[in-house]
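Okay, here's the structure, questions in a sec.
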Amino acid sequence: MSGNTFGKLFTLSTFGESHGIAIGGVVDGCPPGLALSEDDLQPDLDRRRPGTSKFTTARREADEVTILSGVFEGKTTGASIGLLIKNTDQRSQDYSKIKDSFRPGHADYTYQQKFGLRDYRGGGRSSARETAIRVAAGGIAKKYLKENYGIEIMGYISQLGPIKIEKIDHTITNDNPFFCPDESKLDALEQYMRDLKKEGNSVGARVSVTATNIPLGLGEPVFDRLDADIAHAMMGINAVKGVELGDGFDVVAQKGTEHRDEISPQGFYTNHAGGVLGGISTGQDLLVHMALKPTSSISISGRTVDIKGESADIITKGRHDPCVGIRAVPIAEAMLALVLMDHLLRHRGQNSNVDSQTPHIPASRD
Amino acid sequence: MSGNTFGKLFTLSTFGESHGIAIGGVVDGCPPGLALSEDDLQPDLDRRRPGTSKFTTARREADEVTILSGVFEGKTTGASIGLLIKNTDQRSQDYSKIKDSFRPGHADYTYQQKFGLRDYRGGGRSSARETAIRVAAGGIAKKYLKENYGIEIMGYISQLGPIKIEKIDHTITNDNPFFCPDESKLDALEQYMRDLKKEGNSVGARVSVTATNIPLGLGEPVFDRLDADIAHAMMGINAVKGVELGDGFDVVAQKGTEHRDEISPQGFYTNHAGGVLGGISTGQDLLVHMALKPTSSISISGRTVDIKGESADIITKGRHDPCVGIRAVPIAEAMLALVLMDHLLRHRGQNSNVDSQTPHIPASRD
Amino acid sequence: MSGNTFGKLFTLSTFGESHGIAIGGVVDGCPPGLALSEDDLQPDLDRRRPGTSKFTTARREADEVTILSGVFEGKTTGASIGLLIKNTDQRSQDYSKIKDSFRPGHADYTYQQKFGLRDYRGGGRSSARETAIRVAAGGIAKKYLKENYGIEIMGYISQLGPIKIEKIDHTITNDNPFFCPDESKLDALEQYMRDLKKEGNSVGARVSVTATNIPLGLGEPVFDRLDADIAHAMMGINAVKGVELGDGFDVVAQKGTEHRDEISPQGFYTNHAGGVLGGISTGQDLLVHMALKPTSSISISGRTVDIKGESADIITKGRHDPCVGIRAVPIAEAMLALVLMDHLLRHRGQNSNVDSQTPHIPASRD
Amino acid sequence: MSGNTFGKLFTLSTFGESHGIAIGGVVDGCPPGLALSEDDLQPDLDRRRPGTSKFTTARREADEVTILSGVFEGKTTGASIGLLIKNTDQRSQDYSKIKDSFRPGHADYTYQQKFGLRDYRGGGRSSARETAIRVAAGGIAKKYLKENYGIEIMGYISQLGPIKIEKIDHTITNDNPFFCPDESKLDALEQYMRDLKKEGNSVGARVSVTATNIPLGLGEPVFDRLDADIAHAMMGINAVKGVELGDGFDVVAQKGTEHRDEISPQGFYTNHAGGVLGGISTGQDLLVHMALKPTSSISISGRTVDIKGESADIITKGRHDPCVGIRAVPIAEAMLALVLMDHLLRHRGQNSNVDSQTPHIPASRD
């Protein structure tokens, strides 16, 4: 599996290029009996979809997913689930410049070196278009987790360029084009993005995802810790350069007395750990953060080399997100759902008969 | 494989508890013909070994590794390599307090909930003692990578509590008890650690690892990107709460013009990406950073619950590192070596016949 | 991966039911640069296709495969390859009998018990229809193996019911509806099948596959031996109940002097081993045999139980092969190609730099 | 994992050569809470142990297994279990002949070609000595399966050279040196083996394994069928050349009416399928058969080539089993236990909440 399969028991294998016929995937290991239709998956696809606001790429894709198998009379059968999304807006374009030069900050150069050739149309396999299938597959996981365990997964932008959100009110998060939970920042965000677009530049972002009602005991000690698998999942999203659990890099300057989450019979006092201890879920909320780089596809000229290794200048025209972090929000949610689903099945496999011999401590004292 | 196997083609499967008879592992997939003996692995084990300075745990372990198989007449045969390290200093101790209560910030609570029982002696499987085998296995990978590709892997402390290093001079990194590459900070570090110990507290740290002479083309697009697998590896080290490649979380506030590493025929102008584009190595240096939390084993009383779920206070006596980040340096190096080795074999499997059709760009313009 | 992914480096993940919208799959790990189009895959699909002779099921499927990704400008890119075959002949039918009873010898009962529900239309996922995608994926492997190593894979019927083939002449194998390499048996086969059909019964078969020009050194010692993985692949084909390498079950009565394949500088004297020693290919021809049971879908009434556990009688009407062994020939070839391709990449990963230090012995003295 | 790891959720990774320091392994994924000590594993090791009868190799190994981890206060903890067996009888020997020539029928030639070097002492990794660890690991699986599900696994010799057993009475199977369940054949077996030894020759054998009280629903459709994974496991045992489920190769000549196992509310009428339909267990007894070739280590001279590719003659002196099939009996049991354990955990992972909606049919009408 050269990198296109994710997970161990609940798996997703994907295919498809930005400008090919279609993208798709196979979800394997889904428990049978889950009520499922395309309508369950479309809302998250629509959240990720390009062309929905003036702050994302102008490419318009319907992103309509079809479930090709694994569902019978409205329920999952336990068989593998085929997913397909046709590419509709493969705008014909002049690729001559991209074809012969390497865009700095892109996968152009590394793909060419690794494979000896590359599908230069819109980035081919390296395009974020591939993540639409992750969102569809994550939707299946989300539904199972919510219906069977009450797990809720919520993503949002916690910083965009210099603008940090200061308040979390999820009643507005999905109602603005930035997945921003802080109403007081919406105007600033809009102004910032407008200026950025005018400038022809791009900017980074910090995306956060939380999950609540997590069953205790998910995650494997040592290598396949829950947090290690979350880090793998998130760092595997295009443009992500950093991943944190709980307090993340703030722990560097913390003391032991400050960091350790003390416990009372009424619940944990704090959640610096972000819901994971020793690689295993505590039942507290999962708190995950990630840093996304500014997209390198900008309309300001940059220095590079061409395919012969000679100096060149390049401007990436076309329809690109000035802040790829925004649309990463539903992708990050989907990846977290896939990790949780996989670990849930793994945990049931090994430990379904376990009596923990000790009470469950509430997630928090609230 | 419930979390105790790492890698896909070059794999490490480990076993062993802190206070059991021995810890050990199986390294599988090593190419044949590599000259190998215990002497090649011992130096890194000695760097990780507890009891070597007054700033790490007082536990004394010889940490002498034995190669049980896979080497014949001084060379690897291609068969699996058995590694064994006996536990020698399993000091008899009173575990009654730890046995019945959950240390805040530890895996005690999650192990008990997941498995219904736990080996409470010294943390059992959750102890960092397990990482000694990773260091031994990483030593095999390091040797192969160096001899066949010239790859050099170097770890160091880049911040300890409030003290940030400002200069990198690796001629001193391995000659001080902090793996600190900045001579001007050694006195401050020593003073800080002395105060911390007196206080009975612990502190976090930032560990960095770089690797040079990286072959171009390592890493798989989409899920098993080189950076995603590095994140998995590093977040799987005890106490790690965050992982960054290149500029990491600094990218949040960067613009596209600032972040993209421009290219010239003489080399890349910058390395904000940390050596990976689109999940694939660029040939530039790998730059990896991680945040380690302060150990929760401190001698300042904390609030917790006992096994019956009732309120309790707990002090963790015993021999513990006030800053676990320090000894994590050789562990992080080993994990990076394992990831690189695995991806090297994967790359050779799929792409050994590829002609890249384009020149290699030097890592930097120096 | 709940059983729908095959292989480790060169992988196939499949989906799709007999009477769903489509069947499909993802091939991952294909080396880049292989010239590939649908035309390369269609011939084997046509060989497997139902409705091509009066001795296979009357179901008519065009079985036209579409390559959805992973190929650009006529060559594989190294990215995952999406394959899709639409189901066209999902004849509307009365499933009420099959729905409520378990056909003896079928997967009906076990699917219901394992999953709590099942797609009863034409067997759903347990239908041999699923194997069409294996044939398409195997076609990719076959092409790579042939173009890069000269490997040829050839399957045939070596016994059908009581009729054993006695002569192998592959110039006729693909020109008769039985994949029979012995012209002298064609009349007997035709008569036997005609009688069988009249009787409303079915019969078993023995299928053989050979592969020539096998590179030396494929296969991993211990668990993932080449022969072990071939056994896994073949026993994973619908209706297979036995697998043999080389002399197979005849070895039970052989003596050591008789079985061991002696060696001369001009080549091996014999090939009792079937091309594998110690789990690793010798360079001799691979000789694989398998036994396929008679299909249980027959029009002679059988005793069973219904979904409430009560006695019932059942006749399986519909369009079924009286000898499923016949159409298994291209499937077995495809599975062998997938195994060889996977082990080729694995071998290159670990051993691409090996100098064997000893001459290659020719496959045979001819 | 280059072939030295077996299984997906319940895994065994092994190491060790015939004449090295020790052999060992890591068992991962064992459910916690299983009472376990070395005493549970030793009986099967003693059954496999060489030197226990005059009909097996004269090599004497205590084969005392040590559990190095994963067990605390007499119970498994859920952590990985380290197993170690020291090699004690590594008789010093003259290997000059074996070193420079390839024994026909051995892995000598293929190991040399694949790896460029080999551990020629006693066959190194290709020696059946490696299987001792499989037997130890299988003992853990056997105990879990028996205590939690009542599963019993029983192996025996069903044919040795020309002598076929005709009666199965398992009260004597483990009380004779042949694992023969037919008392009337014991004298013939003893005479045959005595003659064979005198002749300096070896002979093949057929080994059978049955398992009873199998839970319904084990096995995954398509590639990882229960029978496919059993075939993988058995063909991965040294010297095995064929594997059958149920009627095996007899199905070739069977008709559908004859083969299909009809069902009544009181149980299945027959068990031609050997306990698996559509890759999933029916609850009937598992019936597995395998063919083992005669060992090639015989004291009758054979033709071969030396390491320079020149003609040579070779006699394999030393301590070898004239019929390796005999000692394969406990190995085959162990491998079946490992497969069942793995599929049990996989099944629990995906389907632990399933209500089958239909009664369980008894395994047979008895």
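Each chain carries a letter (A, B, C and D) given by its place in the written order, and its residues are counted from 1.
Keep in mind that, in the parts below, a contact is a pair of C-beta atoms (placed from the backbone, for glycine too) under 8 Å apart; a residue touches a chain by one contact, two chains touch by 3 or more.
Everything numeric in this text was worked out from a predicted model, so none of it was measured.
Participant: Indicate the lowest number of steps between chain A and chain C, counting one step per move to a touching chain.
Facilitator: Minimal hop count between chain A and chain C: 1.
Participant: Compute the centre of every chain as the mean of its C-alpha atoms, then state which one is farthest from the centre of chain A.
Facilitator: D
Participant: Tell me which has more C-beta contacts between its two chains, B-C or C-D.
Facilitator: Of the two interfaces, B-C and C-D, more C-beta pairs touch across C-D.
Participant: Between chain C and chain D, what's the gap in Å when you average each chain's C-alpha atoms?
Facilitator: 26
Participant: Could you grab the centroid distance between chain B and chain C? Build each centroid from C-alpha atoms only and quote it in angstrom.
Facilitator: 45
Participant: Quick check: what residues of chain D touch more than one other chain, meaning two or more?
Facilitator: Residues 1-5, 8-9, 14, 29, 32-33, 78-80, 114-117, 125, 221-222, 346, 350-351, 354 of chain D touch two or more partner chains.
Participant: Under the touch definition given earlier, write down the residues of chain D that touch chain B in their complex.
Facilitator: Answer in residue numbers: 1-5, 7-9, 11, 13-17, 20-26, 28-29, 32-33, 66, 68-70, 72-73, 75, 77-82, 84, 114-119, 121, 124-125.
Participant: Show me the residue ranges of chain B that touch chain A in the complex, using the header's touch definition.
Facilitator: Result: residues 1-6, 8, 14, 102, 104-107, 109-117, 125-126, 130, 159-162, 196, 201-206, 216-217, 219-225, 227-236, 238, 241-265, 269, 272-274, 276-283, 291-298, 300, 302-305, 307-311, 346-347, 350-351, 354-361 of chain B touch chain A.
Participant: Please name which positions on chain C make contact with chain B in the complex.
Facilitator: Interface residues on the chain C side: 8-9, 29-33, 78-80, 148, 221-222, 345-346, 348-354.
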